[in-house]
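What follows is a group of structures, each given as structure tokens.
Both complexes below contain chain A, partnered by chain B and then by chain C.
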Partner chain A sequence: MAKLLDKQRYKCALGAMQSVQAIERALPILHSGPGCAQKLSEQIGSSGYFSPNIFPCTSINEKDVVFGGVKKLNSTIEKSLKVIDADMYVVLTGCIPEIVGDDSGEVVSRFNEEEKPVLYVPTAGFKGNNYKGHEQVVDSIIDQFLEKSEEKEAGLVNIWADVPYQDLFWLGNLRELENLVRELGLKPNTIFGYKRGIENIKKIPKAQFNLLVSPWVGLSNVKKMERKLGIPYLHLKTLPIGATETSKFLREVGEFAGVSKEKIESVIKENEDYYYYLIERYADLFLENRVINKQFSVIADAQYSLGITKFLVNDIGLIPAKQFVVDDTPKKYRKEIEEEFKNLNYGIKAEASFETDGYLIHEEIKKHDYHGYPLILGGYYEKELTEDLKGNFLNISWPVQDKVVFDSSYVGYRGGIKLLEDIYTVAVQRFN
Partner chain B sequence: MSVNLNNSNLATRENRIGSITGYVGTLKDLASKSECGTLKGCSRCFSQSSTCLSMCGLSQLAGIRDVAIIHHGPAGCSVTSAGSYYMSKVMSKKRNVTSNTVYVGTDMNENDTIFGSTRVLKDVILKVNERYSPKAIFVSSSCATGIIGEDIDSIVDEVKEEISVPIVAVHCEGFKSRIWATGFDISDHAVLQAIVQPPRENAKTNKIAFKNFFESARPEIIEMFKKFDLDPIFLYCNSTVEELSHLSECIATTCICGTLGNYLGNALEEKYNVPYVRSINQCGIKGFETWLREIGKVTNRSEVIEEYIKEQREIYLPQIEEVKKELQGLTAVLGMGPGYTFEVTRVLNELGIKVVWALAWHYDKKYENGDVPPSMKYLLDNDIDFETSVADQQNYEVMNILNKYQPDMYLSRHPGSTVWAIKNGTPVVFVADEYTMFGYKHTLEFAKSILDATRNRNFEQNLAKRSKLPYTKWWYEQNVDAFLEEAK
Partner chain C sequence: MSYKIAIGSSDGVNIDLKFGEVSEFLIYEVEGINYKLIEKRKRAFKENNAVSGDTFESSCDSGCCKNGNRKKCQGPKDITSTIEVIKDCRCILCKKVGFQAQKQFEKKLITVFDIEYPINQALKRIVFYYNSIDNNRSWHL
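Now for the complex of A and B:
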């Protein structure tokens, strides 16, 4: 049911055009109103080989609402194939065709015989948010493009993580997850970002297993692949940030893949040594400043809310105030995610609130006793609030206005260090 | 025109003033067909995404301080709220004021498209009012709520009894118009309907309503107008509801962009006899002087304005003449909204730069008062002609043109437009700030910026060499109007 969406932090299902955008040389074609692509795109970091302002779009008008827009859709797909050079054409539908009853799937199926794949993703805005839309894109790839493979490539691991563009660090995070898996002697396979694309998509069925690193996004996809393509999956809920979680991550992935214990432990040792070399050098910065106290809150999607909480508690020794999960996590996943928040060292438990109403989140933060200056990691909405509370603010989740990120990452050992750099870059700008 | 403030629905630009989004030809042909009424816009059998009118309309309203925007629809429609939040925070900070404007959505889902959700909408309105005590509330529809027939007008009427501030329905279905500028008109219509009051008795002011986007030149305009005993009120970014309620008392309305200000200016004139300054806009020397003189005429201040012009000319004209020498012979293609395309072409002409092709994102045959837009009239009167097309940000058409003409520069104002020219190897002059070529000082700066942009071509050459453009060879071999179809 409709609700008050105050300080919104996600988009609609059609926002999944950004997941397509993240696949190199895959072109989103929108069957929607003229402005949906522009609204749903990020202004920063979008001008790649394709950008949202060149996505073909049927630009539905009043006439199409009355008489249907299938003719226009047909001609838009047909001309897209002629005008724009892509490896894959992905037709995403918005609200209007769904409500007026356009049979968009049928129109797309007319292009089955084309040399290049043309896929169909139903993403009417009212069907869910862009996290769900992202899953829909991956589902369509599985259903319409992939076939079960008898031949498997030893050590090949498909890696799935959170939502491109919605996650500011998507590119760097995926690359770092790949690096970690590669260090174990495995062959990572991802489909988003530079030089991945259609060739990697084709490799998906040959993988030994799917590795899903996300509290919930993509779980339905890996389950579908298990069913349809016979690929087993390993689901790790926590995005590994910093030494504790990354070492845990390497052990779990390594064990699942059958990597020898010595190999796993030697990778961990080498990484932890360097990590603690850095931590040792900067430890006084954490301990001897007047502006960061022990209590913090994260306001982000389940991925960062959980990942950062674990990092700051288990690596850095901070204490979690209330944490806020703002991605409208489907109810069926919530209990398990809540449990994860309670699974912290020293029996520390974080209380997680699944809340999409930004006003209520702010009221809770204002009420909480942070024992001094609060540390708030959240969306741009928390900037002014944190300033009012004299706290430290880092913009890590959507919407992002305070930061430009090319390919840096919060994942892994390096990612933990990067997050500390960012937090203390904020802190050192003041004395007390 | 006839402004009907009793109805919250406003006809689109296409229907109201015959605006078009598809045309390829020459400026003279476009203008003469407009004048005799034979211009027919074309449609396209292939198009690329452009802009939603709700983004224009509601972003304008969200610029007003301490109001509430309630966007009834799926989360994608109200996603503009995040950008508006940022804008209202940084823009108010820049002025040393505060804004607690709030923009919320209703996160409509599938059930709501079947059963409706006007009850929830009502609760949302009441809750937002209780939480933030806004000074005015705007309740907007979306494509989805529009099609399923959610009656936002009735809900607004219902809550009026419980809410003491102005509240109005704003009809922003994105499919209504291909011309996003219709959104500007919709926001004006809402302000006129809900906020603007008839003038108070004996209210004589020296206030002049100045419709612009983001008021970057506000301090210097205030200073200049002080010399003429005029006090500008800038709309709508950082406006207050109180200021807007007295717009009817202004001595005149003026605007930085005819596309942006046309509806409000004409409506204030029609309803409240506030004269609307009709002239070419303030870009360039000719534009600035014509505009100032028109203000002088309308507000009875010609003498002091002539003095100002004389004094400024002495400072700036020699400097501009110097830069002009270096700009001679450069060629340009530009793509902008019509409120700028046909003004910037004039300025480029003043500077001695040859326009080889001008794209306007739409074209208004006539403004609300029935006249051809002044910018067009000026170009025709001065016998300036060039190839021109009307295309709602159709990038494939822009690229076809850039590839054919390989101009010395591409000028644009819209997000996401510059990179494509650069990948074509064409230097870009981005003129998003509406004051980029405002008056003498900024015209001089603009001329110098063009020189800078065209002198160092390293960036575009580096990128062009290493990037592949996404358009096929086939497309580059076609005429730019290949996909235009006669409108039925």
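Now for the complex of A and C:
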């Protein structure tokens, strides 16, 4: 019997078109039915050089299903190359051409001799969600555009984290990770965001190593790069939020990169001194039991669930209730991520559930005894539930409806402070 | 369940006429995956001021567009009366079908395939396609 999924937290694989949009001057060309781009794009923050509403699309209809959409795809790519000025053209396929059997890869290969690169990414909606689609986009860039480079640039580090547009804080997070790596004296290289387009993609093979900061998204990419481009990788599962995790992050990255111990410790000390100066000033607020909740639940993708849990337990001293990872993590990664949730200070172990159905998540939250008001950090779907339970709610994961974020971030020392500000702002609002 | 397909062709071998050019539609009847030509139907009438090409001039003579009343638009008489002639068909195959005509076909739930193939090749494809979806079988090229 068919199952219903209530309040899902991800989009279909074609949502990865926004990963392409995040690469400056890369253009997604969609081979799908009409309207896919408009439905899959974020409501706010999606405009720019080319917005999803005007992505070139083959808009296939019944005639193309019966007779094949290959001709239409060919002419769409050809005309896009003529009319649109971009550095890289990425063809993404939707559900219909893949079900029907269009050989889109063959059509794209006809453009191999063109001046600008034309890539092909099979992102049929039924193949997975947009987290997998994002990995697929990076895979295609590695397979079809990058070549192994004998010359390596010392200190150059490729940073892979976050999924653009799916996470509201993607731009700020990537920039903050770059800043942290730069403080260690290394040269960070990312491909998403402002002024980091195809030039940075070309630098990828020259890196000393790949830095993956994510529980599982991107793991297959760095493994592939190790095989094809000969670049070693360092996989850190936790997104560093707050002092405990960020200092750990700096130590691990520094050691892997061969940065001297003195340098690492001096960077950490400088940052921690300021961080704890800020915390000290508000110690009276933290110690007031009436203001803050005792237990919390995070309902977000693996990255935030894990990162925020560690921050709230290790840095702030809250107790974790059940945490929910809602990005449909592939089964082969779940065990390790569960183990990571148990890796907290003071012997505290958090329990993680990989539930994607919103109704079941809400039922679990309602059943649990939070020993006071619950602190819920999740998607906008959780707002009403938290109000019913008289808890404190912060909207941090998709869908985000009640805040506008340009380039602020929750990563690093500054990120931990900002998360504290946001949580306690909600807490004192209710107090008043 | 059998159904009919209308084709615009000048020689009975290729689909080579635009909708506006067709004077006689070839009507095929389809049963399962077999089809045969059963009749030829003349289009209703040809206006004297018809322009060469795929669509007729917008000779809407009821003046209803003045009120922006798009829902009630019956379309140019030439097109609607021609569609009347083949209204029992499931789809129509022509080299090109103009936008106005397409809209009127949509209203009568007749699918428009504006393609240019030999008749047999096109029919084989369409018949195989309809057979799959009518019997809930998976479809692929």
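What we mean here is this: the second predicted complex is superposed on the first by the 426 of 432 C-alpha atoms of A that agree within 3 Å, B and C clash if a C-alpha of one lies under 4 Å from a C-alpha of the other, contacts with A are read in each partner's own complex, and residues count from 1 in each chain.
Heads up, the rule we're going with is that a contact is a pair of C-beta atoms (placed from the backbone, for glycine too) under 8 Å apart; a residue touches a chain by one contact, two chains touch by 3 or more.
Since the structure is predicted, the reported quantities are computational estimates derived from the model, not experimental observations.
Bringing the complexes onto one copy of chain A puts chain B in a clash with chain C.
Of the two partner chains placed by the overlay, neither chain B nor chain C lies in contact with A:L287. Of the two partner chains placed around the shared chain by superposition, chain B and chain C are both touched by A:V100. Contacts of A:K7 after superposition on the shared chain: chain B is touched, whereas chain C is not.
For chain A, the partner that touches more of its residues is B, with chain B and chain C as the two candidates. Within the superposed three-chain model, A:V404 lies out of touch with both chain B and chain C [touch as defined at top].
In the superposition on chain A, A:E62 makes contact with both chain B and chain C. Only one of the chain B stretches 183-191, 237-245 or 363-371 carries C-alpha atoms that clash with chain C in the superposed arrangement, namely 363-371. Chain A uses residues 62, 65, 99-100 to touch chain B in one structure and chain C in the other. In the complex of the two chains, the chain A residues touching chain C come out as 62-63, 65-68, 99-102. Only residues 45-55, 72-83, 85-86, 89, 102, 104-113, 117, 120-121, 123-124, 127-128, 131, 142-144, 147-148, 174-178, 180, 392-393, 395-396, 414-417, 419-420, 467-468, 470-472, 474-475, 483 of chain B touch chain A when the two sit together in their complex. Contacts from chain A toward chain B in the complex involve residues 1-15, 27, 30, 33-41, 43, 46-47, 49-62, 64-65, 72, 75-76, 79-80, 82-86, 94-96, 99-100, 124-130, 356, 359, 380-381, 383-384, 398-399, 401. By the touch criterion given at the top, residues 111-115, 117, 122, 125-126, 129, 139-141 of chain C touch chain A in their complex.
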